[in-house]
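Scrolling down, you'll hit the structures one after another.
Across the two complexes that follow, subunit A remains constant while its partner is subunit B and subsequently subunit C.
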Partner chain A sequence: MPALLFFVAFGVIPLIGVFWLSFTTWDGLGEIRMSGFDSWRAVLTDPGLPHALWVTFLVTALSWAVQTPASILLGTFLAGFQRYRAVLSVVYFIPLLLSSAAIAITFKALLDPNFGLGAGLGIPILVQDWLGEPVLAFSVVIFVVSWQFIPFHSLIYQGGVRQIPRSMYEAAELDGAGRVRMFFSITLPQLKYTIITSSTLMVAGSLVFFDLIFVLTAGGPGDTTRVLALDMYKRGYMANLMGPASAIAVILVLVGLALALLLRRIGGRDQTHSQLEGV
Partner chain B sequence: MGLPLGAALAACGSSGPTQTGAGGGTGSTATSGGAGGKATYWYLTGQPNEGVRTRAVERFNKANPSGGLTTTTFQNDAFKTKIKTAIGAGEAPTIIWGWGGGGLRSYVQAGQVDDLTSWFDQNAAYKDRLFPSSFGAATVDGKIYAVPVESVTPIVLYYDKRAFEKVGAQPPQEWGDIMDLVKKFNGAGIAPFSLGGQSRWTNMMWLEFLFDRIGGPEVFQAIYDGEKDAWNNPAAIDGLTKMQELIKANGFVKGFSSITADSNADQALLYTGRAAMMLHGGWTYGSMKADGGDFVSGGNLGYMNFPPVSGGKGDASNTVGNPAQYMSISSKATAEEKEIAKKFFLTEMNSDAQSKDWVGITQVPIVKGVDAQFGSGADAPWQKFVYDTASNAKSFQQSWDQALSPTAAEVLLDNIAKLFQMSITPQQFAGNLNEVIGK
Partner chain C sequence: MTEILANTSARASAKHAAGPKRVTRRPNWLAGAASWIWLAIVIVPIYWIVITSFKLQSDYYAENPLLPPSAPTLANYQLVIESDFIRYFINSVVVTVGAVAPAVAVSFMAAYAIVRSGRGRFLRYTNSMFLMGLAIPHQATIIPVYLIIIKLGLYDTPMAMILPSIAFAIPLSVLILTNFIRDVPKELFESMRMDGASELGTLWNLALPLTRPAVVTVTIYNALTIWNGFLLPLVLTQSPEQRTLPLALWTFQGEYGINVPAVLASVLLSSLPILILYVVGRRQLLAGLTAGFGK
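The block that comes next holds the complex of A and B.
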């Protein structure tokens, strides 16, 4: 019951508030006036919306594509019980302990074309207009996001791999399977539900990416990295358009729900079955 | 009060390279003023300005033990969001500090700030002491809603005298010279202009001057007044075209879109000799002096008003930038709080003691005749230059992003970034902005 109470107080009520705000005109200062579908019309006819949706999708898809294989490999590697792996897993975990704002500021300083890493070490290839060229800026965002969150997902995969019964590997070894074969025939299939959990977290997380991109590129150059959450902030707090910002918030909620349901469907059919069956 | 306020606030210190000059403390630091503090006042961190603000409050609270000010300080960007949210929630401080212009207009339209016109009429002598140009951004529909305070900071064309000696050139006398200098400096391996393009408003300063020099202040005035299609003015299109010509000719340092102004990297490019010139606010003089080694003290920094464009209509004495800072009174405050705020304005803001403080940190307060206090120190010529520029300007255009409404300003900044990226044409730029005129 207390959980439900909290959910209503901090989840449902604000959500209803945002939904209601999306049918009003409010500059954040004065009176809130009902204005029907004005804000929705403004948002839905704005060519910036498909662009922001596309950017959000790209960030989500690309960061998933980069993080998942890296996290699985790293997680599998770290799942051994040797002491040096324990030390390494602590080292790998450090990026997750830093705040996104601090990471963004640090990378921004490192990537500065005049005073950054490239110029400092005299490595010409590192001297690029990292955050000023659309493709480079986008790549930097994906890289930094991955750098920050791979540790977390590695940890999940490490746990997943350790759950796999050793007897399976022993049996495979008797059959003469090599390490690669064992990885593809045992580890990967057994990680199915871990992959779905990790992916759900990644997708939900990327949808609301804000702080890192805000500090790193502020949506630039132009609006190359202007994701939906950033679009919402800029409309609401920079341009004083709370109505349209609320409409975007509602869209974000809907997209998030749809994606979560989709992921559940993909992995959901035999979710109730034990993974250990048939061992 | 154990610790002096100054010391307590200074303890927030500045951290990291991105914060130098622009603001030190993280988050907010609440400090309560003298005993019985009633009215509330929020202001910005970041030395040395913070110190001047703090000392003004200290003097006031000492003189008014029964009814002083309670203060809270914020870092620049945090303040902008916080003050807006607080006003919207009806929890604004008694004294609302800001930049005037479009932001103030939105407070006025929401009925959140008091009309101070009659107060100024009662205190005509106080009003007459201040720069007349400082009142434009405080005025909405003919009524004054804010007291101009603090210092004047026009946008200035800075240059590195060493770089000009190296290529054997003179500072530009008109726009054509700029294009010639671009070739010369690029040939010598020095970037012609430094620019922190990621911050967007840095790019805007160029357009402000080009519009003025080509078409005069009327061009932006028409936009400000909400005239239909005012961005399509031929002078505006000409200015936008010249801007893109300069970018195409590699007028700006390579990678300028990755450089932010809040990290002061653009200033560093100038004082380390990598860029020859920089168009930037008067506030950067102090930080270049502090961070640039002997660049300023060694007499290598040159400065001038933006040159004319030949055939242009604008007066060459015109300038743009921040005519002052502004303080309004929250309409939600009690009568008692409002009285304290007004007393603070009258006795402390723009007072001789405070003028001395601003002059002491190489700034120019908005008080007439303050040039007599500049003395003969190393910074006196700079202060005299700023004073003359501000007081002789036929037109002092407030920075566009402050003058326009927040809604229009955001669209403006977005499109300026795209214009500098060359991803939109001058005509597309004008078209996009015509859509938000008057909004």
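The block that comes next holds the complex of A and C.
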């Protein structure tokens, strides 16, 4: 089982390693010394931690709230079979092909207050210091995240909608149900497991949102968009504090596991099966 | 633009109405409208990247940003290619190919083993460990990975990026492949065995051909993830000679930040291989992902 070997070497051992490192002092180059709970004390008493947790939570919650309804609508629409929808889905998928670095760079240029789209078109309302104002910068992050990932999640929903038996709609139509009614009483309930799957991926993804935010705002302005993953990187590789950075990583792992379990719980017992089959 | 959009959608809905029996013949206005708005949101930035990359820097400041360049130029592309782009490109190819091929191969063998001898306790534990790997954010393990890579003496080499990439790709690949191999009828495996085929022969001659779409999906998906990877090259390399494209983009943006058309040309160039791969394998990728994720 070579797969197991790789996975243990670079997946399981590091996972144990990260716990161990959180009890050490290490600058990334020199010796590693055990230092007990020092790193944990430093991290847990740092006011930056609640802030980073809060920002991570906000990014996760808001991007979920924006992406899910849009992806469900688009997925439902794309599940039709007309030719032009296929053309649409070709274009829809493009954002997912670009690297986060490329996307962040593009939007940075596009939103530039002096030379970006707004200034070039002379539309005053678009001329804002998008990445310099806390609230705006935060909204931009959510928007760009959605721009990148709605295509992927609408694809998941498209698959989900296609699996809903036709006969349910036929029966509903005989009963005289309209489009909206059918959407709410058939499509949405039938998509329950798909919603859980998509949400699990979304939540797990936003927890470790790093590259996009790193390139787009580098956590700023101030610490407005400093999410946990970025916090970990900055402590570890910019401040050379690998111990505290590992403690943050442990927190990330725990939050990730807790959320995954919570979502599975919400999904009910059936979900365990569907989750394993389909994530 | 809006006229064209309106026309297309009118035609489309006419076809919709006339088309073969569908459950609902009326177009889905709400989702339809949303889809057109979303199309605009997706397409405008992409269109802007493309046209701007052909503009002179002076025209970039002077012209309407949404109009095609009045004097199209390849100067930006020339500048980008002269800035070591080829080297970064080769690095990216090496890392991507070097990681995807073994990742798919070992995942396939693992998935095959899990499906074929699914009752064994060892394999069951292995499988659930892979599944747990899905829930755990890989980025959180970056510091120990960094430590291991240093201890192995691989820091700042392509291998530093390849080895962890393989490991990170395994959980999802195994999951998707397991789902597909499970759909192969058991009788086929049994008749192969009756004919005296070895396990490896069965894997190669039966399982692989039958699950080719899944293998293609997993290959493209992993190639996409690794090609676009940012954190591993950022943390595990140091010298400019080892940079892969996403990292090079980032540093390039620092150096040429003021020359937006050149930066956008590099964005476009760096995405080109994946765009081509997507055009070639689109059908299988979409079908595979819809089936793999949508269950």
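A few comments on the model shown:
The definition used in the following text is that the second predicted complex is superposed on the first by the 262 of 279 C-alpha atoms of A that agree within 3 Å, B and C clash if a C-alpha of one lies under 4 Å from a C-alpha of the other, contacts with A are read in each partner's own complex, and residues count from 1 in each chain.
The working rule: a residue touches a chain if its C-beta (ideal position, glycine included) is under 8 Å from a C-beta of that chain, and two chains touch if they have at least 3 such contacts.
Predicted model only: the values in this text are computed from it and were never measured.
Look at A:Ile105: by the touch rule set out above, it reaches both subunit B and subunit C. When the two structures are aligned on the shared chain, A:Arg265 is found in touch with neither subunit B nor subunit C.
Touch criterion met: A:Glu173 reaches subunit C, while subunit B stays clear of it. After overlaying the two complexes on the shared chain, residue contacts for A:Pro221 are found with subunit B alone; subunit C is out of touch. More residues of subunit A lie in touch with C than with the remaining chain of the pair subunit B and subunit C. By the touch criterion defined above, A:Asp27 reaches subunit B but does not reach subunit C.
Using the contact criterion defined above for the overlaid structures, shared-chain residue A:Tyr237 touches subunit B and also reaches subunit C. Applying the stated contact rule after C-alpha superposition, one finds that A:Trp130 touches subunit B and leaves subunit C untouched.
Of the two partner chains placed by the overlay, subunit B and subunit C both lie in contact with A:Phe115. The intersection of subunit A residues touching subunit B with those touching subunit C, taken from the two complexes, comprises 28, 105, 108-109, 112, 115, 237. Across the complex, subunit B is touched by residues 27-31, 105, 108-109, 111-115, 128-133, 217-218, 220-223, 234-235, 237-241 of subunit A.
Chain contact summary for the complex, subunit C toward subunit A: residues 8, 12, 15-16, 19, 22-24, 26, 28, 30-32, 34-35, 38-39, 41-43, 45-46, 48-49, 60-61, 63-66, 102, 106-107, 109-110, 113, 126, 129-131, 133-148, 163-164, 166-168, 170-172, 174-175, 179, 224, 227-231, 235, 245-247, 249-250, 253, 260, 263-264, 267, 270-271, 274-275, 278, 282, 286, 289-295. By the touch rule above, subunit B contacts subunit A in their complex via residues 16-18, 81, 84-85, 87-88, 106-107, 109-112, 197-198, 253-260, 263, 265, 268-269, 274, 405-407, 409-411, 414, 417-418, 421, 423.
Listed in rising order, the residues of subunit A touching subunit C in the complex are 1-4, 6-7, 9-18, 20-21, 28, 32, 70, 73-74, 76-78, 80-85, 88-102, 105-110, 112, 115-117, 120-121, 147, 150-151, 155-160, 162-163, 166, 169-170, 173, 179-180, 182, 194, 197, 200-201, 204, 207-208, 210-211, 214-215, 229, 232-233, 236-237, 242, 245-246, 249-250, 252-253, 256-257, 260, 274, 276-279.
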